[in-house]
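Going in written order, the chains are labelled A, B and C, and every chain counts its residues from 1.
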Amino acid sequence: MTMATALVSVLIQALLVMLLVLLSVAYLTYLERKVAGFIQVRHGPRHVGWKGLLQPIADGIKLLLKENLVPGAADRAVFNLAPMLVVFTAMAVLAVIPWAQGYTVADINIGLLYILSISSLGVYGIVLGGWASNNKYALFASLRSAAQNISYEIPLAMALIGAILYTGTLSMGGIVDAQERGWLVFQNPLHWIGFALYAVAATAETNRLPFDLPEAEAELVAGFHIEYSSMKFALFFMGEYINMIVVSAIAAVVFLGGWRSPVTGGFAGFWATVWTLMGILLWSAFSYGLLRLAFWKKRFLKMSLALVGLGSLLMILDLAGWKAGGGFGLLSSGFWMLLKVFLCLFAMMWARWTYPRYRYDQLMNVCWRILLPLSLGYIMLSGCFRFVANALVGG
Amino acid sequence: MAQNLIVVLPELVLALLSVVVLLIDIFSESRSRLRQTAGLAMMAVVLTLAVCIALWGKNLSGYNGIVRLDSMGLLLSMVCLVSAGATILLASDYLRQIGSEKTEFFLLILLSTVGMMVMVKAGELLTLFIGLETLSIPLYVLAGFRRQEPRSQEAALKYFLMGAFASGFLLYGIALTYAATGTTIFSELRHSTSTEAIAGSPILLAGLGLMLVGFAFKLALVPFHMWAPDVYEGSPTPVTAFMSTGVKVAAFGALVRLLGGGLASLQEGWGTALWMLAALSILFGNILALKQNNLKRLLAYSSIAHAGYILVGVVAYHSLPTAFGPWAVSYYLAAYVVMNLGAFGVLILVQSRPGGAEKLEDLRGLSQSHPLVALCMTFFLLSLAGMPPFWGFVAKFYVFGAAIQAGRYYLAIIGVLGSLISIFYYLRIIVEMYMSEPTEPEPKLSSSLAVRVTVGAAALLTLLGGLFSSGLADAARDAIRMLITP
Amino acid sequence: MTDFIFNLFWSMVLVGGLMTVTRREPVHSALWLVATLFGLAVLYLLMSGEFLFAVQIFVYAGGIMVLYLFVIFLVAGSKEGEGRPEPKLHRVLGFVLVFLFAPIFITLLMGLKVASEPEVGPPPPAAAVAAKNDSLPEAIQLNPALLGPVEASGQKMNTLVFGTRLFSEYLFPFELVSVVLLVAMIGGIALSRKRFTSYSETEEAKMLAETVYRGVRIAPPSGEDPEQILQVFQQENLERHRHPGSDFKVFPDYEEESNDGSK
């Protein structure tokens, strides 16, 4: 393969991933509204298209046709730059995520660090957008956002460090490989702490409720994007949802075995068996809960049955040793990865429509007094376990 | 592993003890927290001194030569510790007087001392740099410790900006040196600069030059001295005492190690640059001091001049086993620290009386109200001027001797000339103290025992150091012999 | 290809640096500095220092510069715009940036991955590197010792080599950095802590009285007893006087909470 063909193929892959993600972003907004409706005992969008499925398209057209307003006193260059930055940084991160077995645009050897560093630039979009609007609410939002993102980046990175002490690599593909015998959260109950820390910090990093201080409709009206309209406003939204997808994907890859099924280890060896049993237990619990819900709310019945059936079938096939091989590998691995990402996204939406917003001082207290010490302890314990394990194995 | 730990033991002990002091301080409910923390900090310093003494005579290298434990490092570490201890003693009352009873003061002093000790033991450029930062950052804060005082804020800002520039120069120099030689470890630098091609490389010379500029800023050598008088004047007096002693010890220790240990083969290059700096510092420092009426500014210029004298010893460095220069440098540093701390101690004593300021007139008639304090001050000033039989005389004698031994007669001449000038302004203070009538009837000094004891001990040392100099000189000579053997 | 990227990013570093020092608006300067740092990071990447690349962006661009902006906002606040019409170019350029530059950037990464795979060919032999070094003007030649280890350590294991050396050979300076950080933290707290425990009551009263008067923007009348002002002041709501005419604070309710808990 020459350099040129390689580059062209990568370019196509990258564009494909971006298009798919943009499409899913559109439908995430639909999902968000449906989830909100479910939680608030109402229907959500249902007029445009079958069950309201064309609603995101309609929204998109509406936003495109709106007038593009720029405040007279705004710093125009920065004002225009800010939403682009949000989307750019969010999209650049998509490149290293393994969507299915062997389906990564670029599996670079510092994948996780790359994600952390590029997504840490995303805060510029919010900070600068708020500043450039030359609006006092927006400026407050910028200040809050800068402080919040800097603070929560630390527990976020620390939680991931504790995890990569176990996987021994920063490459996203390598991290999935390291969980061949069982997901990280199965391997050691310690990683539940890491997962919880990561979940909280990631929610804060994406500025989602209960950490959406930069937006804070109630006090700052709309926060940093108060002056934005039309497509620029939409770009902020897109950035937020892409970031949600990204942090969910990281959670899935690092803690939940990436594209691997819950029974990835099979019955090869004692611990792999234990972890497989845990996986079966987890899947059973999940299926039970889902079916309970489905029999209560009949409109979910078909969907839930299909999901549980497909998942169980894939798990049985996995246990039977049918893991490898072209089409099936893609189907199985893609199913699990997307299911995990979806569940993480669902959890974030669930939290958003359940919890009230933190106060600013509470926000800082949670980070510096609770998350930070916990994450330091997590790294230490994780390192100790690793050390003892190494000593026992003799490696 | 064990050897690595032994090499860095003093720093380790002091850093850990500082953290312990910090924790005790945070959770302390005591009413006299200031005094308690000062006491704990003092204990930390004394313990570390004990560790240094216990390690005396060892000659080890740790982490592949990144840190070196030898007699010169230990000697200068101890001098730094003495400076820190004296500062803590001088400060505890002073802080209450200026109404800024923050216990962080002592922690910053302790951690700054860790940086100094690392600098005098560093065998590698990056370690040296990080030591310098550990040393400097607390001092930036300490300089601005009198927050309500605009001069103190100005001092902090100036010191910070200048220090940041100096760090930048030094770091850039380090980068270029690394680019030219491929190493930052002194022993490897010595090896790699011994080849003609690398020693003559323009990148290396640029790196050396930038590093020297960085050091010159930190040491306040003319023409990089502009910040010193303002900073010395604005900072709280104990901090000024610490700045003018500890920083000089650390920076000179590192300079001797870098130039003597790592870049010895470039001696022609740095020798020329340094002798010019030394000559300028001696002449300008002393001449500018003549016109000062503020005692802190006067001592600032005097310390610029003294940095020049010490630099003479560095210039006189010869890579011969009998080298005299670095040894004279260490010796001078020890003497300078004691007498300078003493002088600042007297200043703090004088400032402690109600309305007491830092002008020359404030010392007027001190001999009548407080004859002992005036006597101590006389000791320090005469010693600083280099008069026999005080310690300062012996130190100067050795430094100029080293210059002559190295064949740099002109430097010795300039040094003596500078000392002659300096006698004038030192005597001016003595004249004020002894030959003028006090302005106010019997101003009372309200300082505690700690300050008095510190000043007294310094005065005693200044005298005894001069009278019994040979023993100390031998110790210092041993120290340097070990430095030379790589 | 690599040459093109190299040229692109070193010019970005240079232009960014120049713009940083020539912009009048501090926020713009900070942004150009971010561009410079980003360009530098990519240069590290081109020298197969992936780890440095990521850390440079994470720490400098993503952390320190955001704090810079934070401080600039706090100190300078927002400003009046110049009121120039919006250049169409910005919008066009922005969309180009998002929808073209992002894939290009990803491609760049992928290209590097391809380049580091063995099928492209083994890394140039030491002799060739040395020869190239020799062909440079003498003033900028590198020490031959520098050329060796990079190649020997292998491109893929940059992070591993970095970590191993940092935690073994350079352990001492590395740990020392933690002392620097501790010092900076203590110093920051010492400088910013407002309370002086030793202030006499009158002194404190004077300060507070001044605050009251500054809050309502009139000078304290001379000759009035500060103690009395303080008493009046204490009866009223402290917060309202500090922020007249505004119920909005950047950090609402933060001060009260923290003051209650600490000594």
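Convention: a residue touches a chain if its C-beta (ideal position, glycine included) is under 8 Å from a C-beta of that chain, and two chains touch if they have at least 3 such contacts.
Remember, predicted model here, so these are calculated numbers, not experimental data.
Shared contacts of subunit A and subunit B, meaning chains that touch the two of them, come down to C.
By count of C-beta pairs in contact, A-C exceeds the other of the chain pairs B-C and A-C. With every chain reduced to the mean of its CA atoms, the largest distance from subunit B is reached by A.
Distance between subunit A and subunit B, defined via averaged C-alpha coordinates, is recorded as 55 Å.
Centre-to-centre separation of subunit B and subunit C, using mean CA positions: 33 Å.
A straight line joining the Cα centres of subunit A and subunit C is 26 Å long. Shared interface positions of subunit C, defined as residues touching 2 or more other chains, are absent. Partner subunit C is touched in their complex by these residues of subunit B: 4, 8, 11, 15, 19, 22, 62-64, 66-67, 96, 99-102, 104-105, 107-108, 111-112, 114-115, 118, 124, 126-127, 130-131, 133-134, 137-138, 140-141, 144-145, 147, 179-183, 192, 198, 201-203. Residues of subunit C that touch subunit A in their complex: 1, 25, 27-28, 31, 34, 38, 41, 50-51, 53-58, 61-63, 66-67, 69-70, 73-74, 77-81, 83-84, 86-87, 90-91, 94-95, 97-98, 101-103, 105-107, 109-115, 119-120, 156, 158-159, 248, 250-254, 257-258.
Residues of subunit C that touch subunit B in their complex: 138-146, 169-173, 176-177, 179-180, 182-184, 186-191, 193, 196-199, 203. Here subunit A touches subunit C in the complex through residues 1, 3, 6-7, 10-11, 14-15, 18, 68, 70-78, 80-81, 83-84, 87-88, 91-92, 94-96, 105-110, 113-114, 116-118, 120-121, 123-124, 127-128, 131, 134-137, 139-140, 142-144, 146-147, 149-150, 153, 157, 170, 219, 235, 359-361, 364, going by the rule given at the top.
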